[in-house]
Amino acid sequence: MASVLLPVSLLLAVLLLIPELFGDFTAYQIGLYLIYGIAAQGIGFLWGKTGVLPLGQALFFGVAAYITAITLRAEGGLVLDLALAAGVLVIMAVFAFALAALIFRGRNESGPYFSLITLALVMIAEQIAGTATNLTGGFNGMSGFQSLGNLDPFGGFYYVIVTATVAVSLLLFILNRLPVNLIARAVANNEPRLQLLGFPTHAVKGAVFAFSAVIAALAGGLFASHQGIVTPTSTGFALSAEMVILAAVGGRFHVLGPLIGAVIVGWASAELRDSFPYWELLMAVAFILVVLKAPGGIAELLESAYRRFRPVGTTVPKPAIVAPKPRNGVAKSRLQFDDVKLSIGFVRILNGVSFETPATGIVSVIGPNGAGKTSALNTITGNLRLTSGSISLGDTRIDSRPPHMALGVGIGRKLQVPSVFFSMSVSENLSIAMMANRAGLIDLFRPTTFQWRSKPLADLLEHPSVPLQEELVQPVEHLPQGHRQFLEYAMTIAAEPPVLLLDEPCAGLSPDETGLMTDLVRDYQADTGGLVIVIEHDMSIVEAISDKVLVLHLGQVLAFDTFDKVRSNPDVQVVYAGGTK
Amino acid sequence: MLKSTTKLLASAAMALTLGTVSATADIKVGVLVPDSGPAGLFGPSTRNSAKLAAEKINASGGINGEQIELVFADVGVPPAEATQAALRLWKGEGAQAFVGMHDSAVREALIGRFGGQVPYVYTPVYEGNSCADGLYITGETPSQQLAPVIPHLAEKEGVSKWYLIGHDYNWPRDTNALAKGYIADAGGEVVGEEYVPFTVAEFDSSLQRIKESGADAVLITLVGGGSVGFNVSFAGFGLDERAIRLGTLIEENTLAGIGADNADRLFSSSGYFASIETEGAASFAADYSAAYGADAPALNGLGQSAYEGLMLLAALANKAGSLDVAAMDAAAEGTTWTTPRGDNTLTGHHMAQTIYLADGSGGAFNIVASFDNVASSEACSN
Amino acid sequence: MTALLEIDTLTGGYRDTNVLFDVSAHIEAGSVLGVFGRNGVGKTTLARLVQGGLHPVHGDIRLNGRSVGDLPAHARRGQGIGYMPQTSMVFDDLTVRENLTLGNAREETETYFDRFPRLAERLDQPAGTMSGGERKILAFVRTMIEDTQVIILDEPSEGVQPENIDHMAECLKERALAGAGILLCEQNLSFLTGVSNWFLGLDAGRVVLNKLASEVPASELRSILSL
Amino acid sequence: MTSVLILNLAWQISTLALVALGLAIVFGKLRIMNMAHGEFVMIGAYAPVITSSLGLPGWLQLPVCLLTVAFVAFILERVVIRHLYGRMFDSLLATWGIAILLREAVELIFGRGYQSVSPPISGTLSVLGSDYPAYRIAVIIGIIIGFAALYWWNARSKVATRIKAMVGNPDLAEAIGINTARLSAGAFIFGCCTAGLAGLILAPTIRIEPMMGLDYLIRSFFALVVGGLGSLEGLGIGAGIIAGTQSFLGAVVSQTYGYLAVLTLSILFLWLKPDGIRSSSR
């Protein structure tokens, strides 16, 4: 916690000294920059972690500023003002959450579309603010009100801004050390994987967006009170873009980055504007240089300079805590396909697949390339929507559910090409996996959740031949493909799903590694007594592990029986002879 | 209670900063000009005009015997940043009075922050009815630009069917509200009224409506680039043969952008044009080109307004004997002074002035009529 | 006499970490060099260094005696070095047909369609909608039909059904017979031993075996691969 | 539905399609969110100003326009854009800076004032029973012919496929022999040149000043996303919907409602049909 308190108390000290050292007017100036900086901190948090870039953050800033102005005009007293302010923040949060969650539902991207929607929204808001003269005062703005609590904008109100700045920074610093931070970053990293770990990513993005909107609204309320006037520019496109620039220049990956950006950019443009006619040119060049040479912004430059003096100390890992039991919905149930059909465009991929697995054991799925094996698994987890038919696990129908609900009913999934959180370390990957199907909302805000360990995962890591233990602090990016296979397997079983779907777990593994993987799978099934479905081409593996074998061909079930019977089935022999590595 | 304490503190702080500044024995006047943003076009001519005014004032003895020094700030930015720039001059550099040429949103913000503690002259064309302690206005208001001009055009050009088009904000709406009365009084009718967002750059549907309305006169309250785009298309569609145009914010730069081909029967109403041939205006234009050369930024009503503003400030402060707002407010009514625009009188904190009507046909403004001592009906009631 | 492709004391890896150290090998025209080793020993890095996707820290690559080590990847392809990557091996957004025709094809695809009829059926389908194994096959065929002298294949058999692996082996042998030099990184030992004339064993980024295939007993391969 | 309304629609749609074409290449194909797109339109619109200030004959406007824009685009691609492929949001930020840079540079050379350009064809023509500017009719016809030619060429050349391949999988594109650096630079410069050409063509009908670019940028973006990135048909449909809505509502209700409707429509498309109206599945 010391590493949180140090920068925050430093920030507080610097901000408190400003009026003493530079006078009230400088404090007034810095106050405005800090207000923008707070809003930019929200943008940095959203953009830096989830990869979602809001281009219309002035919507929340401006609307909150207008509502604050209306409230202050009514002169209902401080208590009423504050109560209304709290109400506004809640409304903004609900609106932002609903907007983002609705738009991101069923969409695994953080790309430009959402950004452009926020841009269009802020343009609508600016247009309405500029023309609804009766409500907003139009272009000339809404003015003629005192600041919150009648504080002097050149004096007392500065301390209100400082309080808000420090409070928001403290909150962000604390959030950065909590498990929820890992989840937010995982969204940008690999959204489909996070869904298969049971997290509703659209809601995660919605929540982070709502959080950033609340911060922007808070800043907007301060702005109205500080300026004594609110004009359409406060809810405009230009201000939205400016806030993004502050976050980018200051550094979106660091809590204080956007604040630094706001103060430096604000100060530099105020100084230059009146002394250098081509100040915009200078700012533009500086800005391009930051994007090209220091994508992490000024904060990252400062931090790497600081790290040269004080390298990161090796943190001693905290002792493991036994993780709570996973919330497994269905235990020991049969998986049943009933006339499942699936088409994508004109291509028919599954063509009436029906079978019913036993409730426990290992089922191998074999078949020629393009038979529909992976697609069949995709329909189970909801990554593909059925054209017709149904899939049930026990008595529960599970098709047409989004992928993030699969783990909730007990289905864990390892994908064909190893899918992990690439720009995170191995241990961060494992921490996220440990939260899957275990962590409640509150656990995401408890640091002790990081220490969770379950026995199956611990056993796996301690296995002498599994390569992960030495690689815990390494970023996954540079791990060889085969090691990623083990990592993804570990992440999948961490949630201890009673139904485990493994898509070619031995692809890219050497013969010895293949043997290791098959042992792990067999042990897992034996320990949990659950159901494992494996797609595999290597017949020696299939023979060694399978209780039953499902043969798919051209999107249909060719055979579903024990290994020996399948092998002697003449229909199967025609299409699939099989072989070994 | 709290309020009075903070006020006390603020004035104490101000006294402190003023104390340090008065050592130079000059009076600093803050001049707020747009160097950035859409109005940035008018920054250079505004600065130049202000400097000429300062020279003139200092040559004739300054303000109450003290020489003045101009300090500039860029206010072509959103109100929050513009206010900061102005406050820097006030609190940081000790400016004791302000002259501003900027948009109305910035004015409203400044009124709030100045709080009547410092004299402030606002100079550009605007919608009227802005009143505050220590605020004096030299810019033309809609009544001044339209009350004499609409009947004149109705008579001389024989127009009666007016179409009103403007950008969708306060100034055009307020202007047109008044224009409707003048048009009715002149026996005309309004055949259409339309407001377009700042973000719209295509005017064909508006032009089509104008054509269908049968209008023979169009009152344009579009600003800046929108006005240029509209007028270019207007002529492109051949509408210039069907209707005259009257703009209340079409100055020399805008006319240049519209181009000679597209300016037939395009009238503009303003307190100043570079082509005014009165003695005062001619000598101002001569001084301007002597000081800044032939290639200097073109003179125009907005830029020149800063000259008016400084001259008013000097006249008023000299009359009041100080730059104290209360004293100036007391002395304000009836102050008279002479400038390139002619003989001006301050009534209700607004400037009664000569209004000129110019025809832009052929790409240059020809003064076709002038109306002396036009008072504003949107002035303050003291 | 110079080999078709010479790899000369090649050292390199990713931005901040070297993966491969002083690897030397050569491929004769008409032969298959089988590269093997456990996961993470540098097989993919070797393939990418030779192909041009990564640039060596030092060492050189020579094609027909001429250095190509400084050329960008597209220029090496122009010189006749073809490449099939391990992952992202097809253009997902393009159709199967476009995938096959975008590079310079050496020969007609018909003979390959006989072996892999699924491709012919899916010519107008976006490659991204095909299964993982089918995409491997598409990438393999695309690499085979190009007008290249050297072909680098990184784990072509991963996720491919056994019959199709056998077809791949036939194709490789034919292509070698026609004079190409092939660098094959593989984990599938039966496939690897079935087609390679020469073995290059890697461990921890260094060469631990570089021999004619016929001189290497299966036990030696297994011992290098064991965990 | 008068004939002028139809002609206005044709004008708005064809000019928006022309303006958005460059962005369709640079954003739709190369995935560079080019916020400086409007500034290339602006530079193109200044070409007649350049020729007349240098005293060059009018027919040189086109070569001067293309050379100027291509030169600026070449330099920018080399210095900035090249490093931003695959970094969409970074490209948005950097090109925002470039837009400011270009505006300031033009201001430095030509000043901040408005410029005016006379149309090469003046007067009005009587079409379908109403008078319409002859220059606009010529432009509409020219754009239709130009797009038809482009469509024909695009269907025959492999360039579009190669760009698609390069953007989807740059490493593999290199591996099959595509010089990605040259291809992307070429596509970027071509896209910018079409924007410049649009500026040159529109110059006699619009205001010309350093800040004019923004008007064209946002509408182009919305036309693209509504139509769907990456196809000429999509571009046409998107331009039709955006310009059509603005033009139609502007004519029958008001410009303000037309503008708000365009924004609302864009939001709905971005939300419900993120791949544009052209995509039926996925």
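The letters A, B, C and D name the chains in turn, as written, and every chain counts its residues from 1.
Throughout what follows, a contact is a pair of C-beta atoms (placed from the backbone, for glycine too) under 8 Å apart; a residue touches a chain by one contact, two chains touch by 3 or more.
Every value quoted in this text rests on a predicted model; they were computed, and no experiment measured them.
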Chain of greatest Cα-centre distance to subunit D: C
Whole-Å separation of chain centres (CA-atom averages), subunit A against subunit B: 53
Chain centre separation in whole Å, for subunit C relative to subunit A (CA means): 37
Centroid spacing, where centroids are CA-atom means, of subunit B and subunit C in whole angstrom: 75
Residue numbers of subunit D (touch at least two other chains): 218, 256, 259
Subunit A residues counted as touching two or more neighbouring chains: 123, 127, 131, 280, 344-345
Pairwise chain contacts under the document criterion: A-B, A-C, A-D, B-D, C-D
In the complex with subunit D, residue positions of subunit A that touch it: 47, 53, 102-103, 107, 109, 111-117, 119-121, 123-124, 127-128, 131, 241, 244-245, 248, 278, 280-281, 283-285, 287-288, 291-292, 295, 344-345
Partner subunit B, residues of subunit A touching it in the complex: 23-25, 28-29, 32, 123, 127, 130-131, 133, 137-141, 143-144, 150-156, 223, 227-229, 231-234, 236, 238-239, 269-270, 273-274, 277, 280
Residue ranges of subunit B touching subunit A (in the complex, touch as defined): 2-3, 6, 9-10, 13, 35-36, 72-74, 77-81, 83-85, 87-88, 91-92, 103-105, 107-109, 111-113, 168-171, 173, 195, 197-199
Residue numbers on subunit B that touch subunit D, as the complex places them: 38, 40-41, 168, 194-197, 199-202, 204-206, 208-209, 211, 225-226, 228-229, 232-233, 236-238, 253-254, 256-262, 298
Interface residues, subunit D side, partner subunit A - complex: 33, 80, 83-84, 87-90, 92-94, 96-98, 100-101, 103-105, 108, 218, 221-222, 225, 256, 259-260, 263-264, 266-267, 270-271, 274, 281-282
